[in-house]
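Okay, handing you the structure first.
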Amino acid sequence: MKPVKRIEIVIEEVELDDLIAELDRIGVVGFTVVPGAGGRGERGVRYENLQGLGNVLMTIACDAAQAEKVIEVIRPILKRYGGICLVSDALWVVHET
Amino acid sequence: MSSLSNMLNPAVLFFGLGFLAQVVRSDLKFPNDLAKALSIYLLVGIGLHGGMELVKVDPASAVGAVIAALGLGFGLPIVAYHLLIWVVRIDRLNAAAIAAHYGSVSAGTFITAIAFLDAAKVTHESYPVIMLAIMESPAIIIGLVLANLSRQGAGNGRERRVSRELVHDAFTNGSVMLLLGSMLIGAIAQPTGLQKILPFYDSMFMGVLCLFLLDMGMEAARRIGDFKAVGAKLIGFGIAMPLIGAAIGLAIGHYLLGFGPGGALLVAVLAASASYIAVPPAMRLAIPEASPALFLTLSLGITFPFNVVVGIPLYFTAAQWLAR
Amino acid sequence: MSSLSNMLNPAVLFFGLGFLAQVVRSDLKFPNDLAKALSIYLLVGIGLHGGMELVKVDPASAVGAVIAALGLGFGLPIVAYHLLIWVVRIDRLNAAAIAAHYGSVSAGTFITAIAFLDAAKVTHESYPVIMLAIMESPAIIIGLVLANLSRQGAGNGRERRVSRELVHDAFTNGSVMLLLGSMLIGAIAQPTGLQKILPFYDSMFMGVLCLFLLDMGMEAARRIGDFKAVGAKLIGFGIAMPLIGAAIGLAIGHYLLGFGPGGALLVAVLAASASYIAVPPAMRLAIPEASPALFLTLSLGITFPFNVVVGIPLYFTAAQWLAR
Amino acid sequence: MSSLSNMLNPAVLFFGLGFLAQVVRSDLKFPNDLAKALSIYLLVGIGLHGGMELVKVDPASAVGAVIAALGLGFGLPIVAYHLLIWVVRIDRLNAAAIAAHYGSVSAGTFITAIAFLDAAKVTHESYPVIMLAIMESPAIIIGLVLANLSRQGAGNGRERRVSRELVHDAFTNGSVMLLLGSMLIGAIAQPTGLQKILPFYDSMFMGVLCLFLLDMGMEAARRIGDFKAVGAKLIGFGIAMPLIGAAIGLAIGHYLLGFGPGGALLVAVLAASASYIAVPPAMRLAIPEASPALFLTLSLGITFPFNVVVGIPLYFTAAQWLAR
Amino acid sequence: MKPVKRIEIVIEEVELDDLIAELDRIGVVGFTVVPGAGGRGERGVRYENLQGLGNVLMTIACDAAQAEKVIEVIRPILKRYGGICLVSDALWVVHET
Amino acid sequence: MKPVKRIEIVIEEVELDDLIAELDRIGVVGFTVVPGAGGRGERGVRYENLQGLGNVLMTIACDAAQAEKVIEVIRPILKRYGGICLVSDALWVVHET
């Protein structure tokens, strides 16, 4: 099992494409997205709606170096639109293809 | 047709029911995908009908409506923007975001107006539906421009990419695609085929509208919590702006386009209504400094209910008065 | 109309199809939001029709039905509770939770009964639909009371807040809002408007019911796994209780309310059916000590199928016999 | 009826609209549960109609159609498999996975063909709908067999359990259950009851098909990105295979079963179409070494659009020519 | 990045309002909710259904002190209705508003 | 609070029944599943679709010994079908029933 950083991001559905474009730019391939999330924070309550202003939950597993880059690109997005990003350690059960 | 009898229109009553359910904190839940499905259905239905009507009229005669739509789409946000800055006195970025909503249109309000005319057995011209499709987009562009002006400059690379994306979305967003697309299909599809699909889009239409408004009523009531944050002056704007828009719309519909009361009402509703589907996400991306609590509450919580319950019959009375 | 020909009612057959699909472990999936959408549609449809019928009758004459509904709503759970404690001999909390389900009603069973009457071309009084709306709530209150009694005391602050919430929900839950709301709309809305929306709620109604019962069949079969946990005696209760309820319902419908066989059947079905939408979550919150495996399996897995397949034609035969 | 007028069939136009929306990267979203709901509705609708038609004909006369369906279901994948290995020259496991798709059928294409016949006011035999139900399953079995052959051996215990599961699923998957089930219901249900539910499955049918094809168009366009990965030779196969299938289907429909042009077209479409709902998950589980990018792109991105836009009218012209 | 506790809670949909009321009481503002979850535990299988007896997944990021309070309020709920609560450490990519 | 392993698995919807069968075999009772997830990895993009080829997110809390077994059964599945499995440490707020 390989030690990795587990990055967990909550942003609005409408910002997802923008975030993925940024991940492409810094060469992050893998991520998982759970749509239809709600929540509450400094900017009040969010829930899934017709306007796509609900939240999505993105999980990224990557090495420390990539994690640095991800944090770099996510920070301005969080500052601009709100949301959260949590980083923790995990072990990746490697699957060689 | 009196304002009371409008309130007895089933569509309006279901809006009220949804509103009430939320106010009494009922656990009634309306699946989000159902709301999406209903709005897809309504846009396709209105588009198909529009298209079938439009092939009957000579294209040239539509030019006026197209120009009027563009005029309203670009003009109304600028009116709203200056009202918000000089009269309501809010910051430029929130003003730009809100203004964009009022430049665009609410298909839900438009369709409710058609239900109103149907119930009143009043005919209407077929052009307004093209105007509906056209008016979705320009306001978003204006909103972007106003925002960039007040920020002086479109910001860094990422922000510029986002802006480009938004201009693209303004012309390709789902509502526009469905409206224009099904208008085209209604216009060119073979009649035998159309006859087969019409029952679906005809007979169910008003019933589906009721379910959609049930959900809209719940959505509107959800915004009440933000009324205090919005403040009396902005709430006033949420009622004054549709009146101004309607006045402009009536003038254009009656004098410029020479529509009868039915058509004039629809133009008034286009001008009076504020977008609550296409524009909010665009403005959220374009102007994150603007508070969704403000623009969503104004468009969903105040202007939409006002138009559906009071506005439509009011504008229609005016339209009839003009038509005398 | 024989029990066999009831089993040949498309609605019942689709229930069977869903049941079968689950039994053979088909990968057939019925989207949860679709089930929610269908039940919203069915409640609105039944409400609208009820409302339009009710305005035709003199309100005073409805008083009897209202009183009967309240009587059944408060009485049946108490009957069920004592049966469960003294005959079936289960603990008081599970008894309270199960009893509440049998005091309330199943709109799905009610609508299937109407489909049965339609297919048999039998008319029915319009009052039972008010009773349907009224009977949703009281049972939940009784359930709470029985639970607090057997627990002696409503527990700590949090639990008291939850109880208050539940009383509130008993009267504002989604089914009640939709039923009463659309009954009112059916009663007061302008006829021209109603005519426009009826095709949606008329022509589609029975077809939608079939899809809904397809899903209910799958839900019912999902409970089979818990039959062993439920035990023979409780399963017996799940069949005996509807028979008792139906007998009481028939008596009230025929003698007290003087309904014909159609109306009497509907009252019987109200009394015989157990809630599977509004009550389960309420009892889950009110009596967490009670096992959902028990009350859901009884209401969804045993009583619902029994009523739909065997009960309805049986009660109707009895109703006709009474009417001789 | 010319190919152009087929393209002016609303169903085909909505397919094009969805395709376009995706190509211009519109933000139009079609709720996944809505797509599931529409396909449930379409399968039930087609099944009910088929069942009602079938009771009118003498069962014996259906035997030929059943045998033909089994022949096609087992034969076509083998044809496809060898084409893929000897002509297209891809590895055996991808070949097995793709072959299974072409042995099975696409209900969407079948229903579009029926829409085509309706619009052209051409009648058709009622047997093809049984063939539709039968042909869902065999291809999956063949796919499994071919895969195990080329792997020599069904692998370890877990993999054997998965294989057993898949054989089970081949005969109980949702589409098969809904089709056979509603065919049976259409055949045995009491007429009075059926009359009540038909409006739902009749009048809405073609309108719902349009919404379903709108989504299919978006799905098809989503696959474009994988065209390069698929490569010219496989893309060629995605067009050649339906033509081969159609030829075989026409021969069987016309000569063996003696169907008229309508029925022959439907048999051709059954043979020419590739499954995109039941088979992909089965092959994903059975042959993980195979790339979904290949089989989904072929079936959804190439063969489905080809059949809907070009194939159906083409096969029909051929069917008419045979019928001369 | 600020070290925080990452609290992950799985409870039935019907208990969510109750839990949020408790969070309000102890002054916890931020949380994210993912609806429509299924699962299995001591009380058997749960899946999303018409009765709202499916699960929801709530994630809360907060400091250790608040975490204590959250655990205090969640424990009786878990005891009463079942469900789970997992607590782990994470780093929060701070976004100043 | 009892220290546990938090196992997070992302696999395709169609493989879920297979995985649950394996969990039954090794005696793992508890898990939570979030359906309707999308994502991207070595095998390209996945999103919820009619074919059930979208992702599901499964979370398992268990002791180290069981975690070993879970990893053993998940590895061949990941190898065969792709997906990821992350393992981290967490504290379980115990709920005695």
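Labels for the chains are A, B, C, D, E and F, by order of writing; each one numbers its residues from 1.
Criterion: a contact is a pair of C-beta atoms (placed from the backbone, for glycine too) under 8 Å apart; a residue touches a chain by one contact, two chains touch by 3 or more.
Please read all numbers here as calculations on a predicted model, not as lab measurements.
Common neighbours of subunit C and subunit E: there are none.
At the interface between subunit A and subunit F, under half of the residue numbers appear on both sides, which makes the contact a different-residue one.
Comparing chain pairs D-F and B-C, the larger number of C-beta contacts belongs to B-C. When each chain is reduced to the average of its Cα atoms, A sits farthest from subunit C. With centres set at the average Cα position, the gap from subunit D to subunit E is 45 Å. Here the spacing of subunit B and subunit D, counted between their Cα centres, is 40 Å.
Subunit E and subunit F have Cα centroids lying 19 Å from one another. Once the centre of each chain is set as its mean CA position, subunit A and subunit B turn out to be 34 Å apart. Contacts with at least two other chains are made by residues 27, 31-33, 36-37, 203-204 of subunit B. Shared interface positions of subunit E, defined as residues touching 2 or more other chains, are 34, 36, 43, 52, 88. Screening every pair of chains for touch gives A-B, A-E, A-F, B-C, B-D, C-D, C-E, D-F, E-F. Those residues of subunit A that touch subunit F in the complex are listed here as 1, 4, 6, 29-36, 59, 61, 88-93, 95-97. For subunit C in complex with subunit E, the residues that touch the partner chain are 32, 35-36, 39, 158, 161-162, 165, 219, 276-277, 280-281, 284-285, 288, 292-293, 296. Listing the residues of subunit F that touch subunit A in their complex gives 8, 10, 34, 36-43, 55, 57, 71, 74-75, 78-79, 82-88.
Those residues of subunit F lying in contact with subunit D across their complex are 12, 14-15, 17-18, 21-22, 36, 43-44, 48-53, 76, 80-81. Across the interface of their complex, subunit B is touched by residues 31, 33, 36-37, 40-41, 44, 168-169, 172-174, 176-178, 181-182, 184-185, 188-190, 192-194, 196-201, 203-204 of subunit C.
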